[in-house]
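Across the two complexes that follow, subunit A remains constant while its partner is subunit B and subsequently subunit C.
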Partner chain A sequence: MLEAAQLGLLGILAWPAIGYLFLGIFLGIVFAIIPGLSGLTGMAILLPFTFGLMPYEAMALLMGMFAVTTTADTIPAVLLGVPGTAGSQATIMDGYPMAKKGEAARAFGAAYTVSAFGGLVGALCLVISIPVLSPLVLAFGSPEFCMLGILGLTMVASLSGNSILRGILVALLAMFFSMIGYAPQAGIPRFWLDWPYLLEGLHLVPAVLGLFAIPELVELAVRKGSLSEVPNMGKGILDGVRDALRHWWVALRCSLMGVYIGLIPGLGASIVDWFAYAHVVQSSKNKEKFGKGDVRGLIAPESANNAMKGGALIPTVAFGIPGSASMAILLGGLLIHGVYPGPDILESRLDVLFSIIWALSLSNVIASILLMALTSQIAKVTTLRGSILIPIIVVMIFMGAWMATQDIGDLIVLVFFGVLGYLMKRWGWPRPPVALGLILGPFVERYLDLSVSVFGWSWLGRPIVVGLLIAVVATIVVAVRRQQSFDRSSIVEE
Partner chain B sequence: MIVGCLNVGSNANLMADPFYQGKRLTFMVDYSAGGPTDIECRLYIRHLRRHLPGKPTLVVRNRPGAGGVLAMNWLYERARRDGTVAGCQTASPMYMEWYVGDPQSVGLRANMAEIIPVMFTPVVSVGVVRKVLPPGIEIKQPEDILKAKGWIAGGFREDSTKDLKFRTLLDLVGADYKYATGYPGAADLLAAFMRREVDYVDGSSPFYMTRVKPVVVDGGQAYPIWYDSWVNISEMEPAYKSEDFVKKLTGKQPSGPLWQLFQISRAYRMILFPPGVPQQAVEALRAAFRSLGSDPQFLAEYQKIVGVQANFLTKQQDLRDALAPLEGVTPEVRELRFKYTAQKR
Partner chain C sequence: MRSRENLIEASFALVLALLFIYSIVAARQWPFNAALFPTIIGVAGFGLAIGVSLVVWWGRGNNSVKGSGIQGDLYLEETLLGGQALRRTITTFAWLVGLVLGIWLLGQKLALPLFMLFYLKAAGEKWWLSILLTLGTVAFLIGVFDQVIYVSWQDGVLFSWLGIDPI
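Coming up: the complex of A and B.
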């Protein structure tokens, strides 16, 4: 294994592989900054260009692009309140308020540090797990996925601010929306209004862009002035780095959570940041500042979404089961180069696997350093007048939504959720549970049906399911008690 | 109706200047980037330019969604009809829906009778079962599956032609199995197989050769029982070819409504033009694929990636033969399909 690790490293550091790595990193940063253009899109575009390359070069290019998108997507999330990719939705919750307080540079310093950290944790977990990949991946089946989805839905409580009831209602509405389109099991379209666009269900990207970005845009337009509500830049990058070091335990916990969720096919970046954010809110004693610019609310999702990538590689290389859509493309790249998942890559082509691991690690670190160097200039965007920023943001939002399927339906969904998000913000209804409901609704439905179909109701007695069920109950109890405590303190104040 | 659309191009004269001189030809793929359809289409496109007079720029775009319905509607309604846009799709479910099903119920607006087929290539499918099926039956030959009871076959969706194919085949031979559906993709089915959640998986030959065979068949967990192909493929042994599978397990030649339903569920990767495309474009692209089908460099790469020999149907008779079973569908077969897919009508 050591020899394979050395070969893999030398392969990535040699020219032209190292050149392809830097090219991938550059392209990954560009794709991440533009909403709607994700690492998935970038990898799909790059894949054909890898056909003529050697395996190390191909992996350097693809991994360079793949690894850094969840680092660079912080830029539009923090500066503009627009998620650069699906992995930076939760980053907006505290990252954008930090920018409004003039702390954009501090936010970037913290985010880039934990992104590199999370990426390295993910890579390390992949290396450590190579000897035990099989039982690790196979321990989770449809019943466990179902219960994990239900556990994820209980996190609605943590993301509901001070009203769990509102959060639950919003999540239920979102789950109803998630039923639009084909049922997972049967070819029966639901609620599609005879509009073929809806057959595939509501696309997440335009929905999330509308829900989170448009209300902020409206607020910026109404407020006038610049994005930052303070005239100076506030604290700088090094303060953010110190924040990351001070909250190392949050970063580590959330990184491990990211690896764990990355292991599970079908969850991916769009949910891992919410899970991490909800976890840090749940587990923190002082919760008042979350949603108002608490740096922990940035550290949690940013470390998790980078670590997730190492986790997603585990089922991909062990069994050819892509841990995410991007992994499906990486798998395609491996197959085209004659490298097969399973025994082939784990035994006779371990050097290629290590080239992937090294590329993942190096890309995370290089991207973080590069972006840190540019941070002070990038953060100055917050001082631009709204009249300059707003047209740019509008273009980015609409382009991002259009990239989903290049169908007019994407724009209609964007506007619909934009109006909904604006009204929700205005009337104090929490928006994060909408994202949770849209993502987890189909997931829970599919795996509940499969669990009952394959196991009958005995699936509820499986050990890991029982453990997760206990976690579900505990989460609900804690959330209810917190709500009761808040209600009591509100009454006392009155 | 099928004959009419195939006659386009029959009297074509190639112009002195190649049709595609100085042009860009876009191929619209109906599934996501990185999937089997996309990989195969990009493989064609990498080599096709050498065979297309005029050496046009070739571009691939993806338009996934609704099992290919969105891409087919787009091709029919919005694609330019000047020969510069073609579909590279696994469109056989669309044909089935059009001729045998209820296209309105799935939002299919394209008139498949007007779509112009350029090239079809059959998709080879392979089915494998767990080496030991309940109640403790060790599978040493495909016939042994008839001794097993209550094993679980995993699938995508009731209306999926892939699922329809294996369900009709297993029902034809009288296998005692349970059908669990809802797995999002082939890779998820393989994972479910490895977790012992399901006892049967199937997929196309690239998936079988690159993932199923090395991971579970060579590892002794699974046994291949059938494959569907136009030729015998030694790499698929000890599985039986579908006709032999039915014959050996039932003692009879395959026939009847179930067999017809199996035959019309066969999948093809297709190159298609929207209606109204100039004859020169159709003929140029058909000739290019004919030439590609005998290019040694392409064939070697195709065999490596797809796992079988290339078989491109570009002659009008071959294309007609591929689609003809759909026109000859009896009401009984049509009714059977509705029953299997639980589709509303």
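Coming up: the complex of A and C.
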């Protein structure tokens, strides 16, 4: 094993593989900064270019791109309140308020440090966990996955403070939206309003861009002026690094959570940040600080979304089960180069697996250092006038949404969710459960259908399902009691 | 005391309740495995929507506008809720809807640079900056999306109505 690790490292560090790694990192940063152009788009574009490369070079290029998107996507999330990729939705919650307070550099310092840390934790877990975790993944059947999806939704809905009812209601609304289009089990079109665009279902990218980016854009337009009047760029980065070191326990917990979520097929980048955010809020004192620029709210999602990638690689390389579309493309890259998941890569091509692990680790560290060096320049964006920033962001958002299916319907969905997101923000209705409901809706429905088809309703009595159900109820009860306590303290203060 | 905002918000919850009724009714025509999930979501959503509309109607569970403790989302600043702010909000959404219409009529390659130019001028920016950023938009669209990603562009319907080739 040590020999394979050494071979993998030498393979990645040799020319031209190291050049491809840097090219992948550069492209990953570019794709992450432009909202809507996620690492998935980048992987899909790069895959054909790997045909003529050696396996080490191909893995360097693909992993360089893949690893850094959830590090660089912090830039638009913090500076503009727009998620660069699906993995940085929760980063906005406290990163954007920090930028508004002139603490963008501090936010970047913390985010890049924990991103590198999370990436390394993910890579380490990938090395040590395959023989340990595989029985756990295999213990989960469709009933457990169904209940896990419901638990995830409940966790995020419970973050809605005094609006727990609203949180669950909008999660259900999002699940209703997720049913639009052909029912996967029966091939029957549902809720499509005689509009052919809806037959394929609502695409996540325009919906999420509309829900989160447009309300911020409108707010910027209404306020008039720049995003941050006093960007404190002096010692901010080092303050952020110190914040990250001070909250190492949060970073470690969320990294491990990220690895575990990455392990589960179908979850991944779109929800890992929300899970981590939900966890850090629920487990912290001074909860009222979250959403107003608490650095812990930034550390949690940023460590988790980078660590998730190491976790997502585990079922991909060990069982040939890609946990996400990006992993499916990576799996395609491996197959193109004659490397097969399972016993092949774990025994005879272990050096290639280690080249992936090294590429993942190095990319995370290199990208963090590069971005820290460039942040003072990049963060000057915050001082631009809103009148200049707004049309630039609109162009990026519209093109990002267009990339979903390249149909005018994408833009209509974008504006529809923009209006919905604005109204929800105005009334204090939580938006994160909507994003999660859209992602988990098909997931929960698929596993619900499978569970009922195979087990009838007796699946509700399976031990792990019962345990997860208790966790769902406990999450709601804790959230309600927490809010009652908050209400009482508010009345006393008044 | 019931404010106008409470009434609008309660009405919004009732609209959601109607949406969930639609989910239940529509699902009755489908086979079991296609109808199961819409029915469960419809029943649960209807009950909750009615509950939320009552809570909001009676003025309980104030929303986060006044900062009452929502932790999972961003706030809308109170200064952004006045009459002038509302006008600016509607204007901004009008720009976005106009851009969708513009793309439908003219395609992105024309509509997005035109949007950039008009928006910057309407915001009072100088001509040189407006033109520079518009040219930058064209370069970005052509360079990244056309030459690298090979995006399939919207052909403006105006061109097909006029019988000329789109840009």
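Just so it is clear, the second predicted complex is superposed on the first by the 466 of 494 C-alpha atoms of A that agree within 3 Å, B and C clash if a C-alpha of one lies under 4 Å from a C-alpha of the other, contacts with A are read in each partner's own complex, and residues count from 1 in each chain.
Rule of thumb we're sticking to: contacts are C-beta pairs under 8 Å (C-beta built on N, C-alpha and C of every residue); 3 or more make two chains touch, one makes a residue touch a chain.
It should be emphasised that the depicted structure is a prediction, and the values quoted were computed from it without experimental measurement.
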Looking at the overlay, what does A:F26 touch: subunit B (first), subunit C (second), both, or neither?
-> neither
Give one of first, second, both or neither to describe whether A:L331 is in contact with subunit B, with subunit C, with both, or with none.
-> first
With the two complexes superposed on chain A, say which partner A:P196 touches: subunit B (first), subunit C (second), both, or neither.
-> first
Between subunit B and subunit C, more extensive residue contact with subunit A | C
Go through the superposed model and pick first if A:G418 touches only subunit B, second if only subunit C, both, or neither.
-> second
Now for A:S163: first (subunit B), second (subunit C), both, or neither, which partner does it touch?
-> second
For A:S387, select first, second, both or neither according to whether it touches subunit B, subunit C, the two together, or no partner.
-> second
Pick one for A:F290: touches subunit B only (first), subunit C only (second), both, or neither.
-> second
Taking the superposition as given, does A:I188 touch the first partner, subunit B, the second, subunit C, both, or neither?
-> both
Touching A:Y340 in the superposition: subunit B (first), subunit C (second), both, neither?
-> first
Touching subunit B and also subunit C: which subunit A residues?
-> 185-186, 188, 406, 449, 453
Subunit A to subunit C touching residues, read off their complex | 34, 41, 45, 81, 92-93, 96-97, 156, 159-163, 165-169, 172-173, 175-176, 179, 183, 185-186, 188, 190-191, 214-219, 221-224, 277-278, 281, 287-288, 290-292, 387-388, 390-392, 394-395, 398-399, 402-403, 406, 408, 411-412, 415, 418-419, 422-433, 444-445, 448-449, 452-453, 483, 486, 490
The residues of subunit A that touch subunit B in their complex are 40, 43-44, 47-48, 51, 137-138, 140-142, 181-182, 184-189, 192, 194-197, 199-200, 265-266, 315, 319-322, 325, 328-329, 331-332, 335-336, 338, 340-344, 405-407, 446, 449-450, 453-454
Considering the complex alone, what residue numbers of subunit B touch subunit A?
-> 32-35, 38-39, 42, 46, 60, 62-67, 69-70, 73, 105-107, 109, 152, 157-160, 180-184, 187-188, 190-192, 194-195, 197-198, 206, 210-211, 214-215, 218-219, 304-305, 341-344
Footprint of subunit A on subunit C - complex, ascending = 5, 9, 12-13, 16, 19-20, 22-23, 26-27, 30-31, 33-34, 36-38, 40-42, 44-45, 48-49, 51-52, 55, 61-65, 68-77, 79-81, 85, 88-89, 91-93, 95-97, 99-100, 103-104, 108, 112, 115-116, 119-120, 123-125, 129, 133, 137, 140-141, 144-145, 148-149, 151-152, 154
